[in-house]
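Okay, so chain A shows up in both of these, paired with chain B first and chain C after.
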Partner chain A sequence: MALLHTVNKSPFESNTFDACLGLAKSGSTVLLIEDGVYAATTGNSVADKIKNAAGINFCVLGPDLQARGVEEKLAEGIKVVDYEGFVDLVAEHDAVQAWL
Partner chain B sequence: MKFSLQINEGPYQHQAADSAIQFTKAALAKGHEIFRVFFYHDGVNNATRLAIPPQDDRNITAEWVALQKEHNLDLVVCIAAAQRRGLIDEDEMTRQGKDANNISEGFRISGLGQLIEAGIEADRLIVFGA
Partner chain C sequence: MAKKFMYINRKAPYGTVYALESLEVVLIGAAFDQDVSLAFIGDGVYQLTKGQNTKAIGQKNFSPVYMALGDYDVNKIYVEKESLEERGLSLEDLQHLVWEDEDNDYEEKDSIRLVSRAELTDVLDEQEVILSF
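Right after this comes the complex of A and B.
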């Protein structure tokens, strides 16, 4: 069963991103939204965690990246989606788990 | 596909209420059905018709009402969460002996059973929260 995980908190203010990574299984997708998009940026301690998470797909909500002015700092290997892409991810996965 | 949404955060609190609206618009535009939107915890504050955001700011409640009218959405407010926060409709105003009510048109007050049903009846339940 492929889950879509949504993370909406910055990894620098909350541990939900780490908790999500600790339980997300291979084949699942982590979608970073709202302040969660900071986990998709380079030059910090989170980038390695994403690089080392084998078998997990990472996506980030583009409008939320742009709203925070960090689209230029996007780390490699993370797919940018818009709200339509968000909807598609929900439809493509078996269930959605929000890490609040 | 049928989607249900649960919203746990009030308007202007952070971003979850905005994310939920954007998601709903995108889902409807792609031809999906929104089975129900359930407002829970501080999310019940999305349903007040008395909020007056500045004119150059978005009016989140008005956006929900407009979407409700256009797509006949089922916008359900949790009664226990609403009563704690002073969100009541006309029936509850009378029943509780209060002097005012504030639930906007387009929203209805009901119980947690509606959330469970939303999870069962929809293909996906998406939670937006604080």
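Right after this comes the complex of A and C.
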């Protein structure tokens, strides 16, 4: 049983990302979308949270990174997916938890 | 009589409509010859990043409009230093916004003023009308 978690809020303006990490089990996937993609950028005050979340697969939606001009700031170890990749992730996991 | 208008921008672009709405109201205010300042704090600093490409999300890329603000005499753009640093950003990551000084042979000058939180406190204190987005 593996869940796909989606986070669409900025980690700097909401505790949604923290709430997700608190309940995401090892082996699950966290997909960062919309304003959530800022959590996938490097050199900021939340970067360590992804580094320290062992066993969780992190993905980020490429179109949302590009829209915000932060594609070059992407932290290591985070997989970039497009909308088709998003659909694949949903199909590969048993259920989706959208953290709003 | 012109009043000192301050627009405070605290939201990232595209995820919500605040950034675009603010920009539209700023342009309206400028058309009425008011003394306009903009402040970008918190996630608002993300509105000014360069290289925004919204093609794949199907939304309008309004970031080029910030480049035009100088032509509307909107040339006091305050960016909070602490907010940039918390997000791993520097001025290099933002668009280079300029205006032409008609009193000085149309010399191109920087519109962005990088200020500390303490300095921004004083700028806010001078305002007559404050609009928050």
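To be clear about the criterion, the second predicted complex is superposed on the first by the 100 of 100 C-alpha atoms of A that agree within 3 Å, B and C clash if a C-alpha of one lies under 4 Å from a C-alpha of the other, contacts with A are read in each partner's own complex, and residues count from 1 in each chain.
Simple rule for what comes next: a residue touches a chain if its C-beta (ideal position, glycine included) is under 8 Å from a C-beta of that chain, and two chains touch if they have at least 3 such contacts.
All figures in this text were calculated on a predicted structure; none of them were measured in a lab.
So in the superposed three-chain picture, is A:70 touching just chain B, just chain C, both, or none of them (first/second/both/neither)?
Once the two structures are laid over each other on A, A:70 reaches chain C alone.
Is A:28 touching the first partner chain B, the second partner chain C, both, or neither of them?
In the superposition, A:28 contacts neither chain B nor chain C.
Quick check for you: in the superposed arrangement, does A:41 touch first (chain B), second (chain C), both or neither?
In the superposed model, A:41 contacts chain C only, not chain B.
With both complexes overlaid on chain A, does A:57 touch chain B (first), chain C (second), both or neither?
neither
Quick check on the superposed pair: does A:8 touch chain B, chain C, both, or neither? Answer first, second, both or neither.
A:8 contacts both chain B and chain C.
Which partner, chain B or chain C, is in contact with more residues of chain A?
Partner touching more chain A residues in the overlay: C.
Could you say whether A:16 touches chain B, chain C, both of them, or neither, answering first, second, both or neither?
A:16 contacts neither chain B nor chain C.
Do chain B and chain C land on any of the same chain A residues, and which?
8, 34-35, 63-64, 82-83
Using the touch definition from the top, list the residues of chain A that touch chain C in their complex.
Those in contact with chain C are residues 8-10, 12-13, 34-35, 38, 41-45, 47, 62-64, 66-73, 82-83.
Quick check on the complex: what are the chain B residues that touch chain A?
My answer: residues 1, 3, 8, 14-16, 19, 22-23, 25-27, 29-30, 32, 124-130.
Which stretch or stretches of chain C touch chain A in the complex?
Checking each residue of chain C against chain A gives 10-16, 42-43, 46, 49-57, 59, 61, 63, 86-89, 93.
Which residues, counting only chain A, touch chain B once they are in their complex?
Those residues of chain A that touch chain B are 6, 8, 33-35, 63-64, 82-84, 86-88, 90-91, 95-96, 98, 100.
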